[in-house]
Amino acid sequence: MSDTKLSRRDFLRIGALTAAGAALVGCTAPTPQVIKETVVVEKTVERTVEVEKEVEKVVEVTPPPPEPVEMRIAWWGGDARATKTIAVIQMFQDMYPYITILYEFAGWDDYWTRLGTQAAGGNLPDVMQHDYERITKWVADGLLVPLDAYVDSGVLDFSNVAEATLKGGKIGGKLYGVPLGINSLDMDIAVDLLEEAGLELPAPDWTWADFEQLCYAIHDSLGIWGYAGNSLFHDHMWKQIHISKGLWVFSEDGKSLGYDDDQISIDHLYMILRLYKAGAVQTLEEAVARQGESVEQSPMVVRETVMGFSWSNFIVTTWSAAGKDRRFKLVPIPRSGDKPAIYVKPSMFFSITKDARYPKEGAMFIDFFTNSIPANAILMADRGVPIASHVKEGMKGFLSPAQAEMFAYMAQVEADCSPTPPPDPARWADVRNNVFYPEFHDPVLYGLITPEEGAATFRKKANEILASG
Amino acid sequence: MSAAETGKRSARRLSKKTKERIKAVVYHVMVTSSCFIMLYPIFWMVASSLKETSEIWTRASSLIPSKVTFQHYIEGWAGFGNITFATFYKNSLIYASVATIASVASSACVAYAFAKIRFAGRGFWFSVMLLTLMLPGQVLMIPQYIVFSKLGWINTYRPLLIPRFFGNAFFIFLIVQFMRGIPNELDEAAEIDGCSKIGIFFKIILPLIQPALITAAIFSFYWTWEDFMGPLIYLQNPHLYTVSLAIRSYSDPSTGTDWGSIFAMSTLSLVPVFIVFIAFQRYLVQGISTTGIRG
Amino acid sequence: MVQTNSVPSASRRRIKTGRIQRQNNLIGYLFLSPWLVGFFLFTLLPILASLVLAFTDYDLFTPPQWIGLNNFKRMFFEDGRYWRSVRATFYYVFTAVPLRLVVALAVAMLLNQGRRLVSVYRAAYYAPSILGGSVAVAVMWRQVWGGRNLGLINFILQSLGLPYVNWLANPRTAIWTLITLAAWQFGSPMLIFLAGLKQIPVELYEAAAIDGAGGWGRFTRITLPMLSPVIFFNLVMQMISGFLVFTQAYLVTGGRPLDTTLFYALYLYLRAFEVHEMGYGSAMAWVLLGVIAIFTALLFRSSSAWVYYESGGGIGG
């Protein structure tokens, strides 16, 4: 069943929620207005001090129709996300007839090629979707504008959003990106297969030692992989094993690695190699052989594995591909230390760019995106669990099992997690693409060098690059 | 001639005809089966476009759908945001047609200069032209974008179409090679008859290099048809998108994709190129014999 | 020789040559003007810009900063991935290009026989090239070479009792999935060979047959020489595009595994656009241009030995 078109069920749902949400939206009849007026406060011989003072006047005035605005918005995603987002855009345009929105979207790689080109040409859209790993650099290069003014003036209404969530979009104390959803890393577990193996669901504070044993047990019992999919030493995993020990991988100023002991990574890598040897976990080589396969062919869906880690909003796609008769559960990533390994992460942001011609309307759209229940009924947490609590509440009745699991997991994460680390340093993309994977992750997991050698090379080169950033 | 000899001769002739038949059969079998191997991935794509979504990947090794469905074609055609593929096809057709005519025509003119006219600086400019082919496009993208941005051409087809009227190095080189296959005696004979260089170009050279022009036209059409990098960075309004860009926008492996629609639309996008190819093929005829001139 | 007037023939020739040369120059530049104008308008400035950028640190967002030869120093002496990309690209050029050309020529000759259904076959053999660098081709190609029993190749291997190979993941085999892709998409050079074959006058073959030349003799003495301008063209262009190979690697393997398919242009793109080092990317581009120019010049040099032009002579040499 295609996921791209809005079904009749969706429309009924939206209708119901719109009716419920109408009260929140308000009406457009003339209202009492708060007007800022310049009022003379002091007058002396030498000087006249004029101070702006807020004077509350009840004025029955129909606001004049604003100038027509044509705004540009860009995001990444496939056709499913596009359909939903376009529907939300139309909803917004209906509410504000003077605003027309021109939208652009593309797949991930194409998106950054296009936006990078537009940035170089001074041609960025008003609102763009942004990413945790890139936003630091764009802010440092002056491409995005701070949004605090709009928060203060009320255009961006975050009264229902936790401060901790917004912190993820703050750089240097200023808000540059509004999170469009939160997610967290999780371990997907195929509960049905686990029960078949006669094993129990792990506790939320389970450790990597528990994980290793569980993999062997699954392999012995069912003959399939205990774990498959994203690499167990994915760079996100590398971050989490240090977070669980109370460390952060980067130093405060982002100019070097923030931890001194490579043993954490080395131990983790040896665990992975042991699991490879036992055949209990899909090797990197096997994963690469299947790269680019669709989710329908992934090990989790075709029952070749019991566990896999991913972002919490992926469970919706995975579950829908696997079929309604499967059962999955999300549990936190295992701990390497005594702190939780997981943290709440903004899934992606909307930011306003320096080339924006209509930043205020852009902020209005972002506010709509965040706070409107009917809009989120269409989006259905496609970009992660919504950040506004009233939206989360409003959606509860309409969630599929997969979405409900995602919401429940995020609630659990929010209750017990490590603090959200700061955004990655600007040079991290270079380090990750040109050192972490080619010189550390790949050679070690292909068995070409030892974890010790890999860690040493990584430390040396990463520090060099980060220092120059 | 004795009856025996006539008989033998006709027997030999008969077996020769059979031999020809056998050769023909072998030829067709060989060519057809290697065609199948060549086309397997395309068959796979077409088959997948007709399979139900649930089946595309679970029965990926089978070329026959268990149940044929046209759902992907209907859904894919609907496009997104009320823009159907009809718009994208229109855009692509206009873009590819204009670009092709402009490219081939201008390239033929330039090729004539390089191939047949001894002008000062010919070798120099030829080398420069070849050098432009050797630079990876990625590094030229940004400076060119900035140039076009300053001209105010972003979000139009101008950056994509206007440069086509100024020749294309690949086609120029190709046509040059064909033009140099025409003996100079022809030109000289025409000149003696009082024909100007321009006249020679139109009346003699162009007709003789028809296969090259056709080939260049086919290439130009299909390269333009599948080009997405240019449209990606220069076209912002989705109403302007080409088919190739629209299909690419559909897919984002990181968020889950509607493969059925992609395969359906990709299959459909092959159709115009095929039509152009088959239509133009009949002009790939035997070149005019020129041995009459020699000796 | 009859003297038609009293002016000495030598100076008359000089006058004639001067006027003809000027006329040639005028007409030559007239016909050249489309490309020349376009070059100055759209190409020269970006090319010069990219040359200058090669000596800068430019992240696309902030103004470029001059750093002299630093990019080149880093490239040649400090960047392990750079050399891996060089190796992968050379390996590809010297295997994929000859393979593709041989297949293209063979098929073109096969399709030149004027049998029935030839136009259908031509379309069929051209079809893979039409798919070019589309998303669909990447997906399909990965399907064909995929692991376990998902892929056609492994399916065939296993039904023959042979072990399956992780084509896309094994560092020794991954690049061959791309080389075979290049060979599969031989349609373009094939079409050009076909056009070239059509230019060869049939009478030549008939004359040779009368003289008693066999199939192989006709091939080496008529086809190859008459086709040599086209062979030369294909060789040069395929070599250039071989060095510039990008899309297929980008879509199918992404440079994996272990950078064995990290072609030069792909690495350049990753450096320029993923980590925003456009200066470094420009430096890489100009080094590549230098290498390609050298090989092309060598090919042109060699052409006087084996390329036969009806109209005689060469352009640059």
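Per-chain numbering from 1; labels A, B and C assigned in written order.
Note that in this section a contact is a pair of C-beta atoms (placed from the backbone, for glycine too) under 8 Å apart; a residue touches a chain by one contact, two chains touch by 3 or more.
All of these numbers come straight from a predicted model, not from anything done at the bench.
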**Asked** When the contacting C-beta pairs are counted for B-C and for A-C, which pair yields the higher total?
**Response** B-C
**Distance-maximising chain from subunit C - centres being C-alpha averages** = A
**Fill in**
Rounded to the nearest Å, the gap separating the Cα centres of subunit A and subunit C is 43
**Request:** Return the distance between the CA-based centres of subunit B and subunit C, expressed in whole Å.
**Result:** 16
**Asked** Which parts of subunit B, given as residue numbers and ranges, touch two or more other chains?
**Response** 60, 142, 248, 251, 259
**Asked** Mind pulling the subunit C residues that touch 2 or more other chains?
**Response** 60, 139, 150, 273
**Multi-chain contact sites of subunit A, meaning residues that touch two or more partners** = 113, 117, 120, 292-293, 297
**Prompt:** Which positions of subunit C touch subunit A when the two form their complex?
**Reply:** 59-62, 80-81, 138-139, 142, 146-148, 150, 166-171, 252-254, 256-259, 270, 273-277
**Item:** Contact set on subunit B toward subunit C in their complex
**Value:** 24, 27-28, 31-32, 35, 38-42, 44-45, 60-61, 106-107, 109-110, 112-120, 122-123, 125-136, 138-140, 142-144, 147, 163, 165-167, 169-170, 172-174, 176-184, 197-198, 201, 211-212, 214-215, 218-219, 222-223, 226, 244, 247-248, 251, 259, 262-263, 266, 270, 273-274, 277-278, 281-282, 284-287, 289-291
**Request:** Mind listing the subunit C positions that touch subunit B in their complex?
**Result:** 21, 24-25, 27-32, 34-39, 41-43, 45-47, 49-50, 53, 60, 110, 113, 115, 117, 119, 121-137, 139-141, 143-144, 149-150, 152, 155, 184, 188, 191-192, 194-196, 198-204, 226, 229-230, 232-233, 236-237, 240, 243-244, 246, 265, 268-269, 272-273, 278, 281-282, 285-286, 288-289, 292-293, 296, 309-312, 315-317
**Asked** What residues of subunit B sit close enough to touch subunit A in their complex?
**Response** 53-54, 56-58, 60, 71, 75, 78, 80-81, 141-142, 145-146, 149, 154, 232-233, 236-238, 248-261
**Message:** Residue numbers of subunit A touching subunit B in their complex, please.
**Reply:** 1-5, 72, 76-83, 86, 102-108, 110, 113-114, 117-118, 120-123, 125, 292-297, 302, 317, 321, 382
